[in-house]
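To start, I am sharing the structure in question, which I have written as structure tokens.
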Amino acid sequence: MSEILLINLSILILFLPLAGFGVVILFGKRFSKLYLFEQGIITLAFILSVIVAVVKLSSYVNQDILFAFTWIDFGNVPMLGELKIDLGIKLDNLTVIMLFVVNLISMLVHHYSVEYMKGDAKYNRYFAYLGIFTFSMLGIVLTDNILMMYIFWELVGLSSYLLIGFWFEKDSASDAGKKAFIVNRVGDIGMFIGILILFATYQTFSFDAIYEKISMGIIPFDSGAWLTAAGILLFMGAVGKSAQFPLHVWLPDAMEGPTPVSALIHAATMVAAGVYLVARIFVMLTADAMLVIAVVGAFTSFIAASIALTQNDIKKVLAYSTVSQLGYMIMSLGVGAYAFAFFHLVTHAFFKACLFLGSGSVIHAMHHEQDIQKMGGLRRKMPLTYLSFLISTLAISGIPLTSGFLSKDGILAGTLAFGSLTGHWLIPIFGFTVAMMTAFYMFRLVILTFHGEPTDKHKFDHAHESPRLMVYPLVLLAVLSIFIWYTPNPLAPNQGWFLSSWVKTPQTVVPQDLRFEFMQSTETGTGIVHSEMYEHAMHWAHYPAMILSVILAGLGILLAFMMYQWKKISPDKFAEKVKPLYNLSLNKWYIDEIYQSTFINGTLILSNFLAWFDNTIIDGIVNGSATVTRLFSRISGWFDNYVVDGFVNFTAFFSGFIGLSFRRIQTGKVQTYIVFVIFSVLILIILL
Amino acid sequence: MEGFPILSLLTFLPIIGMVVVLALPKKLELGIRYTALVFTGLQVVFAAVLLANYNYAAAGIYEESSFQFIEKFRWIEIPGVSWLGTVKIDYFMGVDGLSVPMILLTAIISFIAVLSSWNISKSVKGYFALFLLLDTGMMGVFVSLDFFLFYVFWELMLLPMYFLIGIWGGPRKEYAAIKFFIYTLFGSVFMLLVMIGLYFSAMEVMPDGSKVFTFNIIAMMDPSNFTVEGILSPFNPNNYRFVAYLALFVGFAIKIPMFPFHTWLPDAHVEAPTAISVILAGVLLKMGTYGILRISYPIFPEITRDLMYYIALFGMINIIYGALCAMAQRDFKKLIAYSSISHMGYVLLGMASLTSTGINGAVLQMFNHGTITAMLFLLVGVLYDRTHTRGLNDFGGLATQLPVYTGFVTVAFFAAIGLPSLSGWVSEALVFIGAFSVESIRTLTMISTLGILLGAGYMLWTLQRIFLGKLNEKWAGLKDLEFREYAMLVPLTVIIILLGIYPSAMLDIMNTSVNTLVDFLAVNVSNSASIGLLN
Amino acid sequence: MDLNSLYTSFNYIAPEITIAVALIMIVIFDLIFDKNKKIIPYIAYLGIFSALFFVAANFNLTGTNYKVSSLNESMGMISTDTFGSFFKILILVSSALIIFFSKTSEEIKKTFERAGEYYALIFGMILGMMFMVTASDLILIYLSVELLSLSSYVLAGFTKLRDRNAEASLKYLIYGAVASGLMLFGISLVYGMVGSTNLAALNNYLQLPLANVLTFTAAAVLIFAGIGYKISAAPFHFWTPDVYEGAPISITAYLSVASKAAGFALLIRLIRIGFVRFIDGDGNWHISGIFDWQSFIIIISILTMTLGNFSALWQNNLKRMLAYSSIAHAGYILLGVAVLSNHGLMAVMVYFFIYMIMNIGAFFVVMLIADKTGSEDIDDYNGMGYRTPLLGVALTVFLISLTGLPPTGGFIAKLYLFIALVDANLIFVAVIALLNSVVSLYYYVRVLKHMYLTRSDKDDLLFEISLSNKFFVTGLAALILLLGIYFTPLLDLVKNVSFFTL
Amino acid sequence: MIEVGLTHFLVISAALFSFGIYGVVTRKNAVMVLMGVELILNAANINFVAFARYGNFGLNGQIMALFIIILAAAEAAIALAIVLNIYKTFAHVNIDEIDNLKE
């Protein structure tokens, strides 16, 4: 298959969902079955994307396929010469894999939603929205330049807004949609400024062209700080979209949307766009920028995981776990474990989508009950859902033989290596902590939902396995969470085709003095060889990381079973017990104390605090700043009304006053007039 | 097209329409409406003809020969007043890349505004007569190349506007109308003064070799046309060019409207009938920025350079301030009015950059803001027609009742908050790209990006308050859009989406001219510097 | 002076003689046709048009005439020149308009049995004004001013219909008498210094720096007091609002246009012949240093227009408002004089021509409305734009023109004025004038507001006006609009008329 | 013996002028006010004649004075007619009380 055909196919893949959107939104009202059109289209897109992926990964695995066209031609611009804004698409391995992932999950969600959304008044419109989302997401994936990425970035924001607020009759839903859009915009502004920096320097938006110029030593405004700033600012976009601290607050709220949407957008694809972005700009990140990214990712994953420990809403737990996992990926990129980050992105997409769809299945069965405290014992009623959910849980917890184990282990090894090379040990510590917490809260979720005895008899009795159309995506995704799709050796991800031939860490273009020493890599004829130092560190970290993560995950699972299955430890009593410890931790070793209590006794109490922290402080800051902004805008509204306007009115008043004083002379008495005349004559004579 | 006076036709077609309207009997209201519709429709057709025959490669700006569709003949000529030389004023029209987008905008918006005026029932004849007169004034401003002619058209639209707001407006119409009138006149008297000053400083070479004072804007751009002792001549060491620039700028700034001269706008908008708000936001505000680009910039390039920081500063203030004010509003229309202020800030910012991208963005933003805000006001009008209230808190859940209407609102709102793939974003992005590349205003640009955030804030909040949530039972009987409303909203939506996806459709028209303008500004400065005029 | 030279000199004052003859004819016919006065206005027309014919025929005639025997050749009592002819035309045209005006006005119709008196007095005024614009001797200046004044005192109180007529008349009289007394005293001082009352002699005298500055300043200010009163420049304007309000509206309009024009012509001639030492190639007048006319007039004019505009802001009586507005316009026109150049002079003449049309137009509409409603109060104008669309539109045109907005003649007038100011580097003054015109907008537009924006319960009461009035109003309004768009003929006329006979 | 010179006349005329002004400004009766005006005119008359006499300017001054006297008479006639009219309307001639026309 020729390159041109590949390009054309991918353009077709891109626009198919848009066509679906257009048709359904325009005529959906008249033809109630029109959603089937959208279904067909997305299935077609999926098939095409499989073809594209297979062809690309088999025939062109080491070759990028590019296509660009001029979007805006500014002609011969003074001082700059020819200036054009080119848009285009680039098919590299990353792209086609993402193409496959996005289309697959999108298709599954489409199918799943047919049953899940049945009976909704805006049935057709829902599918239209899914269509535009898929279109936007594919755009992000396919682009070869940062501007187009931004365009689709925002479109994704729009579709997310529409889908979160799909049930806009609920105030909470419309609030959540708005919040998502606005919080994302905060990040987008940073990203946009980053884009501006790049364009101002290089007069191009194309990734490749920019990197080429950086590698030639041209950096923004001749200052390494600006290059760092550009990296961090672009990363801000990812902070928003991938719900990183401190902008992660929108994602839990976004669970107000329909559950399949959460699966598609807020778990598998859109939120991963941030990670995808960082992967795209990975080569231009300076050491400082990478450190910032790593720290943010680590901190996010930690905070989110700790919150997830105590949530009772099945979707909230999954949401925080998503944030946490995204933090993982970001962290991984920050520490230079590029390939593993992307690997995790893919594996996570599958198992998290599966988890969400599973939770949707449960919610569907329980008549929209989302509180896990009110569930229990469901495995008997819905075995397929349970099974797939369990596999995905194992994957997310990083248990061997799952895909999650492979990718997570790589990330953890990457952080460990990073720690050993740079001394930033905090990052791996975060990483491993989160691994354990993840295992714990995920199993807590599984146990409370599927094991034990039902707490709500009535709802339990009515529960049943979901229809086939809803179950088959679960099963498929669960199957994809098994190691075998990625590597033949369940313990060595590096040996798999995914990492050995498809996704490789690219060569950084950042000037020597601005990058980490270990990022030194050389390009040979066959590919990129990392610096010996880095290879060594990775090698050293591989097994400790693997063993440690498995032990920790096991511990977490064990703890969860102890607490919720076997009830050896009462969660409530446990929380009571660690309260004083937490108070102690408020002293000088604030963060250390938190870590300590995490590891030793007080996981639950700490998480309580963090839940509060999240709900009160962080959310409060966003809400609070909204309040302050609103207050300020009131003030300026007042200023406008009274001061600026007042000035104008004062002028009018003043003129009136002058007029009045002139009137006063006009007494009507002719003799007074004459007196005035005589005096003015005298004055004039004296004056002149 | 050679010799066909298409610009005069475009300009005076509405006047002919006005005469027809006046000739029709008062009772024939439908006939009057259709007359107005036909004439504005013809205007759109001619604008399209103009575009079809427009040569994209010709620059215009400072070179008379590369203007297109030139109509130039002596309007006033009094030869041989001994101490004054020949007094001459030309009827001089022509277009380049800066004016063509504005002509298209004016034609389209006028046509749509007629459609949205369909329900006017109070003295229909007077309304449409004044409306068509206003149309002529607007079109004239965008095609004039003689300062005198420009000024005449500029003032010509004052009075119709006053009456249109004052007679057909809302409860506080008189206050709003007079405020509009006085503000604008205040600005234009300064313009008048500068115009006279320029007249006495610039001399044009006539075909017979003699030199005469001129109102020709193009001639004023060439430093060699200035007399030695003219008060606005760069050769005069004691010239008043700086003061004149400020005065002229204030004149234009009031129209934009630039902080702190903006307070007439919310009042005017709130009180004006829908169609007039549409015209006001869609076309009139553009006259200010157009004037700056057409007149202030090329005639005073060196001062433009000196003051670009301040122009950008005011652009930034406009953006942020307008957005913050918009957020505090409780009246739908007022909110849109303030958002207009905010969006015109982008135009200022882009112009201040003096780069091709920035100015392209600014001109495109002028066009886009024209269409987007026009659409927003139309939408407000649609809602107001049905409910007779504009309080943001009086609604709720309308999306359930009026899905199609909500769809249009969503498009317009997202276009206004700069969603990529809709037209507003392209121009904003170009503005930012241009402004950011200039070091001196980089910080201002970065602060200005907050406007994107604030814009999203108030627009989405508004969307939520009016359309989302539970349906307010009071509005359960509302009807969705009717055909006439489709007819006015669909074209705008198409334009907004089209220019979002394919902005080159508009950018290509202006590109050559903008590049020439930027080049002219830069070159002219260096020329002036080299002959020792600057410092 | 033999008969032959008497005959040749006839050309110089043919219009004045015509007017005088017409005056006598009116008196005679008034006596003959005791009952039927209908013919009298036609005699007036005849007189005016014949005078116009003579002016036009001798438009380019120049020269001085009627010397006092002891003086040399160039010092006559009158100077015939194009400048004078222009103002004569202005005066005659406005007189013709006013006669039409008077024929229509209800006020005048009510006293129709005294029409002979009325027209005779108007002709007295015309005669006075015709001499004012040509006089180049202080004696003749004084006499012509008095002739004008005496006639207008009576006319101001002519109708005797209301108290205010008599009061206006009395105030005008006393004020005028004092002002002319001041002027006369000033003239006597000048005479004492120069030894002659001729302006050319004054000029000769001022070529040498001999005069006592204080005395001369006093004399100049005193003389200006007399002229300032005629053109109602502040601070000599106090009579204006009271008299304008009290007088019959036709006379108010007449005073505000013709008598003002004559006053300006007088002032300009006084400065031009008496004080200008030489004129340079650019047409700038170089004034004898003894009296700083420029600063003086600028002060006066700023005072005048500011006072006029700001006072007008608060007027509820339309006639009174127009009175103040005419004061303000006098201020603008004075600025044209202050430029002290041929250029400024041109601006003044353009301004005056347009001012004549728009001011008479505005007064005419106010008169027509007042005749129907019996009120000049602004509140009675509510909804007037709907009751009488034609008058409403016409008044709108006139008021917009008075404000000075394009595309009306008023804009062209202001434009030329500002052109002159900027050209003379009086930018600061121009700014003040511009700001003033913004203020003026407020009260002019206020009328429009009442006419169109404020509804009244009488909206449906349409009222009819006669066909001839319709034509008259439409004609004036059309002329104003035409002048806003095509003003070449006016400029052509004006640029040819700035010739003075020294 | 003091020579009666120009200065004396000028002083007298100035005094007359001032008295005239004073009269115009202070008198209540319209007729008295008119008399004040006459004084002003006559002050000017004195000036004219005195200047003509002492300045060797020929007879212009005297002629001027004659004109003024005649004019003053005409003015007085008209003035008195108007005052009469006032009397008919207001039944008094106190100009202080005639101030209906004002702001």
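Think of it as A, B, C and D in the order they're written, each chain with its own count starting at 1.
Going forward, contacts are C-beta pairs under 8 Å (C-beta built on N, C-alpha and C of every residue); 3 or more make two chains touch, one makes a residue touch a chain.
In this text, all values refer to a predicted model and were calculated from it rather than measured experimentally.
Every chain gets a centre from its CA atoms, and the centre nearest the mean of all protein CA atoms is that of B. The mean-CA centres of subunit A and subunit B are about 40 angstrom from one another, to the nearest whole unit. If each chain is reduced to the centroid of its CA atoms, subunit C and subunit D end up 27 Å from each other.
Work out the mean CA point of subunit A and of subunit C, and you get 81 Å between them.
Subunit B and subunit D have centres, each the mean of its CA atoms, that are 65 Å apart.
Along subunit B, no residue makes contact with two or more other chains. Residue positions of subunit A touching 2 or more other chains: 663, 666, 668, 670, 674. Residues of subunit C found to touch two or more other chains are 170-171, 174, 178, 182, 241-242, 314, 442.
The list of touching chain pairs reads A-B, A-C, A-D, B-C, C-D. Here subunit C touches subunit B in the complex through residues 281-283, 341-343, 346, 386, 396, 400, 405-407, 411, 415, 418-419, 422-423, 425, 427, 430-431, 434-435, 437-438, 441-442, 445, 448-449, 452-454, 484, 486-488, 491-492, 495, going by the rule given at the top. Remark: subunit A residues 25, 29, 71-80, 83, 147, 150-155, 158, 161, 165, 168-171, 174-175, 177-178, 181-182, 185-186, 188-189, 192-193, 196-197, 199-200, 221, 626, 629-630, 632-634, 636-637, 640, 644-645, 648 touch subunit B in the complex.
Residues 663-664, 666-671, 674-675, 678 of subunit A are the ones touching subunit D in the complex.
Those residues of subunit C lying in contact with subunit A across their complex are 170-171, 174-175, 178-179, 182, 214, 217-218, 221-222, 225, 235-236, 238-239, 241-242, 291-292, 295-296, 299, 306-307, 310-314, 439, 442. Taken in their complex, subunit B has these residues touching subunit C: 75-78, 81-84, 87, 123, 151-152, 155-156, 158-159, 162-163, 166-167, 173-174, 177-178, 181-182, 185-186, 189-190, 192-193, 196-197, 199-200, 231, 240.
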